[in-house]
Structure formats: structure tokens, C-alpha cells
Amino acid sequence: MKSTAILVNEDTRVLVQGITGRQGAFHTKLMIDYGTKVVAGVTPGKGGSSIHGVPVYNSVLSALRKHPEINTSIVFVPAQYSLDAVLEALEAGIEIVVVITEGIPLRDELILVNKARSMDRTIVGPNTPGVISPGVGKVGIMPSQAFSRGVIGVVSRSGTLTYEVSMEISEVGLGQSTVVGIGGDPVTGLDFVEVYEMFINDLATKAIVIIGEIGGDAEERLADHIKRSGVEKPTLAYIAGMTAPPGKRMGHAGAIISMGLGTWDSKRKALENAGVMVFKAPWEISRALLNII
Amino acid sequence: MKSTAILVNEDTRVLVQGITGRQGAFHTKLMIDYGTKVVAGVTPGKGGSSIHGVPVYNSVLSALRKHPEINTSIVFVPAQYSLDAVLEALEAGIEIVVVITEGIPLRDELILVNKARSMDRTIVGPNTPGVISPGVGKVGIMPSQAFSRGVIGVVSRSGTLTYEVSMEISEVGLGQSTVVGIGGDPVTGLDFVEVYEMFINDLATKAIVIIGEIGGDAEERLADHIKRSGVEKPTLAYIAGMTAPPGKRMGHAGAIISMGLGTWDSKRKALENAGVMVFKAPWEISRALLNII
Amino acid sequence: MKLYEYEAKEIVSKHGVKVPRGFLAASINEVRDAVKKLGGEVVLKSQVLLGRRGISGGIRFAKTLKEAEEASLELLKMRISGEEVKQLLVEERICVDKELYLALTIDRPRRAYAILASTLGGVEVEELVKRYPNALIKITVDPVTGPALFTSRWLVEFYNLSKDLEPQVLKIIDSAWRLVVEYDAELVEFNPLALSCSGELIALDVKIVIDDNSLYRHRGLMDKAYRGLSDAEAIAKRHGLSYVELSGNIGILCNGAGLTMATMDLVKIYGGEPANFLDIGGGASSDQVREGVKLLLTNPRVKVILVNVFGGITRCDEVAEGVISAISEVGSVKPIVVRLIGTNDSIGRGILMEKGVKAFSSLREAVATAVELAR
Amino acid sequence: MKLYEYEAKEIVSKHGVKVPRGFLAASINEVRDAVKKLGGEVVLKSQVLLGRRGISGGIRFAKTLKEAEEASLELLKMRISGEEVKQLLVEERICVDKELYLALTIDRPRRAYAILASTLGGVEVEELVKRYPNALIKITVDPVTGPALFTSRWLVEFYNLSKDLEPQVLKIIDSAWRLVVEYDAELVEFNPLALSCSGELIALDVKIVIDDNSLYRHRGLMDKAYRGLSDAEAIAKRHGLSYVELSGNIGILCNGAGLTMATMDLVKIYGGEPANFLDIGGGASSDQVREGVKLLLTNPRVKVILVNVFGGITRCDEVAEGVISAISEVGSVKPIVVRLIGTNDSIGRGILMEKGVKAFSSLREAVATAVELAR
């Protein structure tokens, strides 16, 4: 499979769901400024208007009827309506749905993620900064200045920490092929393993950077996968939370039973055991990359 | 992908769900006689007993704990309990579930078929005679004498009609690689297209025979698929119901809206249009095959 | 299993869907009462389960009491696709602005339910699909969670209705989905669904078909499953057989719908005419076979009987026993051509032989013989 | 959000799950009344939301009224993980034959719910997973349809219980699933689930955790979300901030949990000690930032404040305004080290500059400076 970027490429045509909201409107402008082809927006009841030159429709159905080239959607609608917005995008035939919204109830997330998987569609998120293929386009909310076109594939569970690490990679002159935020919630559409495999198959990606955090077992599952498949491209990781006191809940990870996993040490061990280098500061990663590439 | 049979091969290890029932017990014997490796059976409440030398367990869980090599299940449980039996098999990790049971409510079928698909497992049926790879094994209820080892892949929506056509193929000396009944209900796990693709990738299969009937649009969908993918192996079809008066309901097809499709003529046209030869009697198929192979 | 229109309307109106005011009437007197209670123009609708009522003249409009009496006199004498018209639904006539189509049914390729909607109401759905595909949309309905919230929004937009009608559309969708969940409906059709001159959505006709396989969990509906069947069909159904009357003279009994249809096709190809479709299903007992054969033996139109069984889950010995006991019970002298093969076929053939019935193993020979005998 | 044990037991017992008889008591008098009503031996259980109650001595057994009085006197003075014990659950003591574990929770890798069951009840689940994985089974629960019928059959077999107990197991599973459907529970744990000497299944402890993101659809639970929080945590929560008190002297405020933890890690690496974790989340307003900074300014343990914001959906101008208005409201003279970068960062830096606050763009420099100032 050949590609020069994953998830977001030259053919990406974007629908913005919740385009008339504060965040939707603001980031529509930033995406357009970055060169992303934002084709249409949806806000029920606001059909007929336009935002930054983008026509607004009452439903995804009417947006797709007018713009059948749309293949990607970005969702800014409030958490209460996110499940319905995603189902609407899927039913209309959209391939990739990037769910920016934070705070969606877990059960709604389970339903939407499973629905998309059963239809062989891709959900990025929820609670994700989105996807950026520097120089090609961004479907997300990340600050463009942190990124530059290059050869490192970045996949992350975190939002802002991704910008931090990516900026370091940009500053040493390597840049990124694509940067994917899988989302910070316990249940996500794409997971580390799937994005990792996309990067392995991506011609533009020469090395892969994983950005994780304590809690859950997403990093351990990736380590398992790499151990089974063997390291095909240099892979480096940065895990936040090394010094977080055990037993305290840091942010959104929630009270979900961790099944004995999820500490910084368990993640580091699992990844190193699979041949992944683990670093303790964002700038250490970019330095190490310079030695590899 | 290399193989010498599809769905049922040398590695097939079978669990019989509903093994102590009249049909379950009878066909367990016939499957064993045919050489199929029937490893265990399940009937809740009958755990600890045995049928034709096959140990019976109370649950699929305990059967799999004792016989982790089981990868295929055949379901004979009454329609009321079939949904639960299939869910149980899936949860226990069984890869292929062959559902013989007839008369399962449509909504239950929709739930079980979707569940299996979302788990990347295979359901054959419901309301199927099962699968036989002649000389290798059978997981089904078909009379063995109609089949012989050979090079023709047969896929059918019908039960007994499959035996009829297969017997003709056996009698001219060609035999079958594998024979798959996808099941006669409006909703099935595997469909024509999926089994057709398996046969295309199967080294043992030199030509493919489709057995359809009027009603629904399964044959038309296959024709669409073949038209798009091109004819990669000779494909022949026999469709029952050429002389059935329109508007009358023949058997199980039900009152489901046919979306304007489903007549004998629409199926014949669609298939011929895709390069598939359509015949009007079972023996014509075997004669035509002789000319091809 | 189909419900009568009046039953369907009763259910959906309990769910909050608007239907015309109306009364059921089985006699001229009852029609008269209904018309008086309704006042104004009325519609008289034959309550039947089969056939296409509209085209058969089973629906009449009446402006006066007299017109209504005359029309109902005719209707109550009618037969539609062989079914007697015993009851009429007498309804107020609705002033209609626009006729729409809405149905919830199975979407086979997507393995889900689907809502079908069209701006061309009153047309049959097969017609819609074939001739006006652009006037039709299909919205997938998850078989577990049901219609998503956006569905009513899409429909209002597609139908080009005022936003105020969204709650009414939602009620209609909800009603259809409740019928799936509570009654295992496989089709709920509102056709036409009228936008009335006063701006309301009113279901002028409602069709509900219940999944026969689910009837065991809807005991209340079970006895309704026999309505609209002919005597022979009712007998067959009671014994778990699937029977359809045709016009020829060769009675056909097989196992499996596909094989039964194939046998009918071959009879035709050989120049014969099938008298029926009779599928004994999978794993039939000798009792079921006996009842099936008796149906054919006692049908005066049947000249020859052709039994074609390829045993799999069905056992040929059971079939043979059924054939023999039917013959001895009825004492008929009609020729019976039997073709038996598959599971336990040698036992079955032995049983038949003992009673002097010859069993073929070749389908071609059996069909040729039956057609020959029927000439 | 966690419920108290007594609340959890109230709910599941309404669902038909057996729990010990018991009374809530907030004083010695109420304890006395409860013991008298119960008769016999009792268990006194501190009602707290945090910490590990058993290990902390928060559960006591008493054979006599006197023992119960003495124990509750001590318990009602206790603090467990900083939380005051204000109420006790006084329960009859159950004669236990076997202790089991049963929970319904999220299975992240399968993107579903799961039932976890173990024959080793009374042990914490993390312990079970790590040390006794063979004594544990996991049964997937579909997030829409809930537990399949076979689940109770599997559990009865796995626990090696008598078949008669299957209805009781079913009730427990149903109760857990109803909590997911009706309350968006993310954890329902019965631990231990006792097989009593009289052969009944009795839930000795029940833990229910509700998904915080779902609280908008459970208005009745919303005010309960603040229980068990410290004053600072409650203030933070009210403003949509995520706050955890730590032991150091460098107050940390960032956007995003990952960046906040990373900043804490770096502070440690540079030799400093974080005073807290404070995540303002994504897209925070200047008001939220102001309240967050005020929390740190008014915390006497905080010597230096380190603000690290990488703007994405959060805008640096909003952050700068929040910082400035917190300073002017509190009038504090604590040093504030700000690192601002990303969306609208130049506007943000301008706002800070105007008020004499220097903003770094390098994370390294900001951390080094904060640690230096805290020495």
C-alpha cells in the first residue's frame, strides 16, 4: 500500500459538524488557512447561511447531496449531541470522522465506536486534537506552527503534549509525515496499534513516535503488538506521568479498573521489552531521532 | 492465500451445540462417520454425559477449557435459544459457527449476524445445511453420498437443491472442493459474494457453481460483484423458481420488500450480464462443467 | 403474518400516530351508523389480507349516505384474490395536500432495518424502486438501537415539510420501531402518509407484517396467523407445511423450498403443470408427510402426485412411512411417483417397496414418469 | 463519581439483590438503636468515598452492644485518606461459606463492557489480575444489548455454585446492567459477594462508580459529585478544572492532562517538587484560568506558580487574561512563570507583557526558572 501521508491527504474533503459554534467556526478558519479543503458545514436550523465562505446545511444528508466529494468529517458538536452527529455522518457514507468533542459519556462512545467499526469506517477520537499531515492539510485543532513536513509519524493519546513533542521534532529539522491524536478517553476509535500499522505501511514515514500517558493499557497493547510483529521501523516513545503519585487520579482517566496495568513502569518495561526506546523529556526524543534518521 | 478447501479443512475441530437433541445426536454420528473431528458437545444440564463417544458439557466455556483446539461449532439448538447459543460460541472464541436451526426470528438473526461480523468471526446460516469439504470433513447435515472430492466450489441458498446439483457434479466425475450452504433466510452470516471470493482464492477450486432461488437480491448482488471484479474462474448458476407464478410466496422468502428485484428473469439477466452461465436444470450444469474443466 | 388495516391503525394510533376517524362495519346497518357518526364524505375500505385492494376496486368513496350504502352493498359481496370481504373500515375522507411514503423494513444487504421514504405516496414500493429511485431515500436503522435521532430531521428535510412537523414524524418512526421491538414486525408501512390540508400528518393506510418465525413470543397473535388462508393452506400451516395452490394437475411434495421450486420448473420443462407448491421443510416427521400427501390425495384437481425428497436432516424412512399411511388412510388410487434419495434412503425405499410403491432415485425419470401419467 | 456503600446497597436491593440488613448511623445513639434492632453480632462500616477502608481500620466487628459503642466512638472520630467519617453503616454479621468477586466494568481493548468474576472474593481486583489470573474470568457484555443469557449459566459453573442459585446470579447481573443503562455506571462491583452458610448469595459490599461525563443526564446525582472532595478540589470542579493536591511547593497549571503530567515530571527532573496537578482542560475561558490561578495564589504551600499552556483549542489570549485578572484580584506577590505557545500566543504574550509578566516560549527555560525561584 503506497501513500505519502495517512488519514489526511490530497484527496481529503472536509465537512465540519457544528460549524456555527464558537470552536467550530474558529477552527474552520484555521483549517482553511492551513490549506485544508473544507467543503461544507452542518448545524441543524442554520442551513442556508455560510461561515468563512463555507456553506452551512441543516443535515449531513443535504451537505453530501450537494458535495458528494466529502470523505472526512470533523465533529465539534456538544457532548450531548455527539453520538447522533457521528451516526449521521456514518449513515451519510463519510469514511473518516474526527471527533474533537470532549466529555462524551462512555456508553455513547462505546456505541459510536462499535458502530463505526462494524461499518469499516474510521473514527479518530473522541477527545482528540485531530490529524495533521504537515503541508498537506489538517483536520483538527492543533496549532499549525508546531508542525512541519517531514518523515516522523507521531501518534498520541494526549493533546497538547503532542504539540510539545512535535515542535521539538520540527525544531531539529525532521518534521512529521502525519500526526494523529487517537484521543484521551478510555475508549477510542483508532488505537495505537492501528495507527502504528498505518505508519509502518506509509512510505513517507521513516520513524514512529508514540506519546502515551499513565493509566489504561493502550501502550502495553501496542508493545505486545510490536513484540509479535517485530520492529519494522525505528519506534520511540515518551510517556507522561513518571512522577505522578500512585492511587491519585490525574484528569480524565477515570475510575475504570486498570487491571493491574497502567503505571509508568509497566509501560516503559513493556515498550522497551518490545524494542521501543522510551524517553523522559520531549527534547530527548528529537535528539535521539536525529541520531537514527 | 493458499488453501485446499474453504471453511472446513484438516484443522477443523468441532463442537456440537444441542448435541443431545434428536437432530444433534443423529448428525453428530453422521459427521463422525464421515471423518469429521467432533471433539465435544454442549447441552446445558446434560454435562458429564456422552453421545457417540463425544463428551457433553454444560456450557461452551467448560467445553473450550477442556478442548481449547475447538475452532468450529455447529448449532442444533431450538430457534428460541439459538441467539444465545451463538453469542455463547462467539464469546468463547470460536471462529466459525454453523447455524443449522430453521425458524429463528429475523431480529435475532440480525443481532447474531452483526455481532459476529463486528468480532470478525464467521457465521454460516442460519437455516443452512452446513459446509462439506468432501473427503476432508463435513460440518452439516447433508447426505454424504451426494458428494465426492473434486474441483468444483458450490455455494447455495438452498438446502436439498444443493444435494441435487452436487450429486450431478459427482456423477460426471468432477466432484466438489467445498460445498457451502449460506442459508435460506433473508439475512445470513456469509453471503454469496464472500463465499465466491473464498473460492476465487482457493487453490482446490477450478470452477464455481451458484445455486440460487427467486426472492431477495443475493444473486443480483453477486452479479454486481463479479461484474466489478471480472470473472476470474468459470462460474455457472442454477436458479430455482423459473415457473413460480409472480406475487405468490413460495416458502420462507417472506413478505420483505423485494425492492423490485428477485424475479427469475432479473437474476438470470444480472448473472449473464456479469459473465455467469445460467442453466435451467441441475444436470445441465454438470454437463457444462465437463466442457470447461 | 399480516394484520388487517383496522388492527394496524388501532396500534399506531395508540402510539400517537394520527389516523382518520373511522369505524369497522360488517353489515349495511353498521355502515349506516358509521357514516352518520362521521358526517360528511366517507371512504369505504375492504378489510382483506391478500391482493391489491385498490386496483381490485375494494376501496370506494361516498359523498352521501345513499352512495355509501350502495357501495358497501357491492363491497360486502366481493372477493379479492379469492378472499371474501367480510368487513369494511368506514372512515372520514381527509382533504389531502400531499401524499408521502414511509416504511420500516429489512435491508438485506446491510443486514439491518431501514426506513424507506418517498415523496411519491400512494405508489407501491416496488414501483417506486423501479421507476422513481430518485424520489426515494433509505436510512439504515440499527437492529438493536433503532432509528437514530437524526432520522426525523432527515425525513422532514427530504419531504420538504415544515420544521413544526418533526415531532409528528418522530412519533411515526417511533411507532414503527416499537412494532419491531414489541411485535417483531418485518414491515411497517404508512402509504400514503398524507399531509392534510390543515397541515397535519395523517396515516391514510397502514400495513403491518409480523415475522412468522417470531410468533412463539407473541402468543396473542398466533391464532391470527390462519386468517385469510384457504382451507388447504390452513391445514398445511397447522402441520408446519408450506402450501401454495397452483392451477395444474400434478401434485408436488418436496423437502425444501428450493427443491420444490426446482421440481415445479422441471415438471413445466417436461410439459406438465404443477397443481401446487408443497414444501415439508427440514426434518419433517412421518405424520407431517402423511398430512401433506393427504392434502394432495383429497384434492380433486390433482391427477398424479410427485414426491421428491432428498434426505439430509429429513430422513427418507420417515417420508416413506408418511406416504404409506396417507395412502392407507385415504384409500386413494391416484398414481404416486416417489423419488427418494439421501439420508436413510434404502430403508425408505424398502418400506415403499413392501407396499408396492416404486421409488425412483433419478429425478429425471421421476419427473418424466409423473408428467407422462398426468397426460 | 462514586456512591456511598449504603446508597449502592439501597439501589441493588431494589433490584432484588440480597444485602445484609442494616441501618445508617451518624451518632452513638443511632448506632445503639441499630444494634438493638438487628440483634446479634454486627459489622460497623465507615461510609467514605476515598481510600482503602479495610486496611485503614474503618471496618469493625462487634459481638455486644458495648463493643459496638466502643468501636463506633473510635470510627466516628477517624479520617480515612483525609476524609472525615461522618456516618456508619451498621449491619447484621453474615455467616459466610465462600467469598466471591463479581464486577461489571469497561473492557477497553474490546471496546465493550465486561463482567469480571473470581472465586477469590474480598481481594482487590488489581491484586486478582496480577496475582491470581487463573481465578478470574472475563465475559464480554455488549454495550447495547447487555449481558447475554448464557452469562449467568457460565458464572454458576465457574463459581461452582448449585444450579438453584442461577436466578440469584441473574438478578445480580441484571442489577449491574440496569445501573449501566439507567445511571451510566462505569463500575459496579460486588466484593465480596458471599455465599452464606444458609446457601444464599449476599452482597457484603457494593461499589458503584458513575461516569462523570454522563452526569448531565442524571440531574439527581449532580450535587452528589462534590462529596468527598477537599475545598480546593470542589472549587476546581465547579469551574470545570481538574485538580489534585500534591506535597511540593511549585504550583502547576497546564492545559491537558498529558502536558500537566509531563510538566510535573520535568519539574521533578529539574529538582523541584510539584504542589499540585491542575489541568484547565481544552478550550478554557479566561474566567476558568483566573479561578485556577487564584487557587494556586491562595494556597499557602505554593511558593512559585508555573503556567504551561500550549494553545490548540485553548487560546493563549484567554489564558493571559485569566492570569492577569487573578493577579489583580488576589493582589499576590508570588512569582508566576508563564510559558505560552500556540494559538494566539503573540496576543497572549502581549497582554502579559503589558502587565509586566514575562512569558517564556521554551518549556525548558520556564521549568528551570520555576525550580530556581522555588529554592
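Assorted remarks:
Letters A, B, C and D mark the chains in the order given here, with residues in each chain numbered from 1 onward.
We adopt the following convention: a contact is a pair of C-beta atoms (placed from the backbone, for glycine too) under 8 Å apart; a residue touches a chain by one contact, two chains touch by 3 or more.
Just so it is clear, the model here is predicted, and its values are computed rather than measured.
When the interfaces B-D and A-D are ranked by C-beta pairs in contact, the top one is A-D. On a Cα centroid basis, the chain most remote from subunit A in this structure is C. Distance between chain centres (mean CA atoms), subunit A to subunit B: 41 Å. Our note on geometry: subunit A versus subunit C, Cα centroid distance of 51 Å, whole angstroms.
Centre-to-centre separation between subunit A and subunit D, using Cα means, comes to 27 Å. In subunit B, the residues touching two or more other chains are 111, 114, 117. Residues of subunit D in contact with two or more other chains: 144-145.
In terms of inter-chain touching, the protein chains here all touch one another pairwise. Those residues of subunit C whose C-beta lies close enough to touch subunit B in the complex are 2, 103, 105-106, 108-109, 111-113, 116, 125-127, 129-130, 143-144, 180, 184, 186-187, 209, 211-214, 216-217, 242, 244, 246, 254-262, 264-266, 268-269, 274, 277, 279, 281-283, 309-314, 341-343, 345, 363-364.
Listing the residues of subunit A that touch subunit C in their complex gives 44-45, 58-62, 84-85, 87-88, 91, 111, 115. For subunit C in complex with subunit D, the touching residues are 144-145. Of all the residues in subunit A, the ones that touch subunit B in their complex are 114, 117-118. Those residues of subunit D whose C-beta lies close enough to touch subunit B in the complex are 137, 139-140, 142, 145, 148-150, 153-154, 157-158, 163.
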